[in-house]
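For reference, the structures are reproduced in the following blocks.
Below are two complexes that have chain A in common, paired first with chain B and then with chain C.
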Partner chain A sequence: MWIYEKKLQYPVKVSKCDPRLAKYLIEQYGGADGELAAALRYLNQRYTIPDKVIGLLTDIGTEEFAHLEMIATMVYKLTKDATPEQLREAGLGEHYADHSYALYYHNAAGHPFTITYIQAKGDPIADLYEDIAAEEKARATYQWLIDLTDDVDLQDSLRFLREREVIHSQRFREAVEILKDHEGEKKVF
Partner chain B sequence: MTHHPMPKEYYRLLYELQAVDFVLVELTLYLDTHPDDTQALHEFHQYQRRKQGLTQQFEQAFGPLHEFGNSPVGARWTWAESPWPWQV
Partner chain C sequence: MDKQWRFYRPYRSPFDPCVPKRVKAYIVPPNQFMPFQPPGLRTFSPHEALRRGTLWPDLYSRYNPPHREEIDP
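== the complex of A and B ==
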């Protein structure tokens, strides 16, 4: 069960119409290391991971959906006032031809989201290391996106998201240690 | 689809709520891996009380934040009304 909150996790302010930036930001919407991939990866791993870390996967997976909504809000606000001509100039002509102003789960290069981006190994350590890597890759992507814009309001929201990746990575590293300790305890008997 | 300019008070309360919620998200993830940290748990209780107060204030002025029965509703159903978070 999930309950929706009618608010963003962190404010998203957009000072100007910039469809080119939206084209880049979509990487974190439907890209390999994006928020959708993250949410689906963690929530799916919960069923076969030791009980001690199910809570963490549930909470981080849930937070990823809040991040997905922030990215969607950025893309929406950056494109809603653009003319089809401006979209075409920004490299979004192909997008407009198929989706008009709708958002779509694809990456910055236009490749549709695929579940083959993520793995579920059924081995707790392998799964958690994939999660740590996913957070580090998302952190790097946010840095490249911050470098691609001079909009200070958007940079602020992107920095928030980048910092969340750092925290998630830290918590997943602690989860690995919890499982290792747990494993050690069991061997004593 | 449209943009909904909201009164200053909406943004002020929302921002305060987002700040308190940030602490609670942070503490939630921290407590998931440090469940025996009593200081963190104490802070969680503190911020949870602040969240409850702010939520009540916000909902009285601008309508429910959660539904499926998790926010109070008045005589009229306003949950499905704009603005949605990406419209403000």
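== the complex of A and C ==
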């Protein structure tokens, strides 16, 4: 069960009218290394991972939905007042033809989200390494998105999201260390 | 210059079609050097931490790509 708090995890301020950026930001919405893929991946892996790290997957999976909501807010703000002509100029003509102003889960190139983006192997080490890789790839995506805009307010929100990827990667690697379970070994830390 | 950045000089062809970048840069965030976070690390103030996205200065990575002139004067 979840409890919903009716505010964003971090404020989203968009100061520059730039509908084209929405086309790029959607990568983190419905792309392979996006927030939707991350949330679904972690929340699904929870059931078959050792008890010690279930809570971590719950917490991070939940936070990914909070990030998804931030990305959605950015995309919405960048497109809601654009004319169809402006959307067309921004490379969003195809999107408008199918979805009008609605958001949709696809990547920057327009490919629809597919669940084959994520894996659940049932092997705790294999699953956690996928999670670590996912965090580093999402961090990289945020870097390229920061590079693609000069809106400092939007960059600020993107930097926050990028830092969260750094921390999540750290926690997943700590989870691997926990599961290595050095008990019984003569090992000095 | 932020110490998280690394640099390398890629091969340049005498026939590069575009003005070649002599130095390329990539970032290595600090989590790569911390296998397991030790207890008692210093912290940001709560407000600062909420802004930056982490409580821990040792895990903070600000992505500020260096300008071309900075790395290749």
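Methods note: the second predicted complex is superposed on the first by the 181 of 189 C-alpha atoms of A that agree within 3 Å, B and C clash if a C-alpha of one lies under 4 Å from a C-alpha of the other, contacts with A are read in each partner's own complex, and residues count from 1 in each chain.
In this section, a residue touches a chain if its C-beta (ideal position, glycine included) is under 8 Å from a C-beta of that chain, and two chains touch if they have at least 3 such contacts.
In this text, all values refer to a predicted model and were calculated from it rather than measured experimentally.
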Greater residue coverage of chain A in the superposed arrangement, chain B or chain C: B
Which superposed partner A:I60 touches (first chain B, second chain C, both, neither): first
First, second, both or neither for A:L179, with chain B first and chain C second: neither
Partner chain in contact with A:L43 - chain B first, chain C second, else both or neither: neither
Contacts of A:Q143 with chain B and chain C, given as first, second, both or neither: second
Touching partner for A:V166 - first (chain B), second (chain C), both, neither: second
Touched partner set for A:L103, first chain B, second chain C, both or neither: neither
Which of chain B and chain C A:T73 touches, first, second, both or neither: first
Partner chain(s) touched by A:Y10 [first = chain B, second = chain C, both, neither]: both
Overlap of chain C and chain B interfaces on chain A (superposed complexes): 10, 167, 174
Chain A contact footprint on chain B (complex, rising order): 1, 3, 14-15, 17-18, 21-22, 25-26, 28-30, 32-34, 63-68, 70, 79, 84-86
Residues of chain C that touch chain A when the two form their complex: 27, 29-31, 34-37, 50-54, 59-63, 65
Residue numbers on chain A that touch chain B, as the complex places them: 3-12, 53, 55-56, 59-60, 63, 69, 72-73, 76-77, 80, 167-168, 171, 174-175, 178
Sites on chain A touched by chain C in the complex: 10, 139, 142-143, 146-147, 159-164, 166-167, 169-170, 173-174, 177
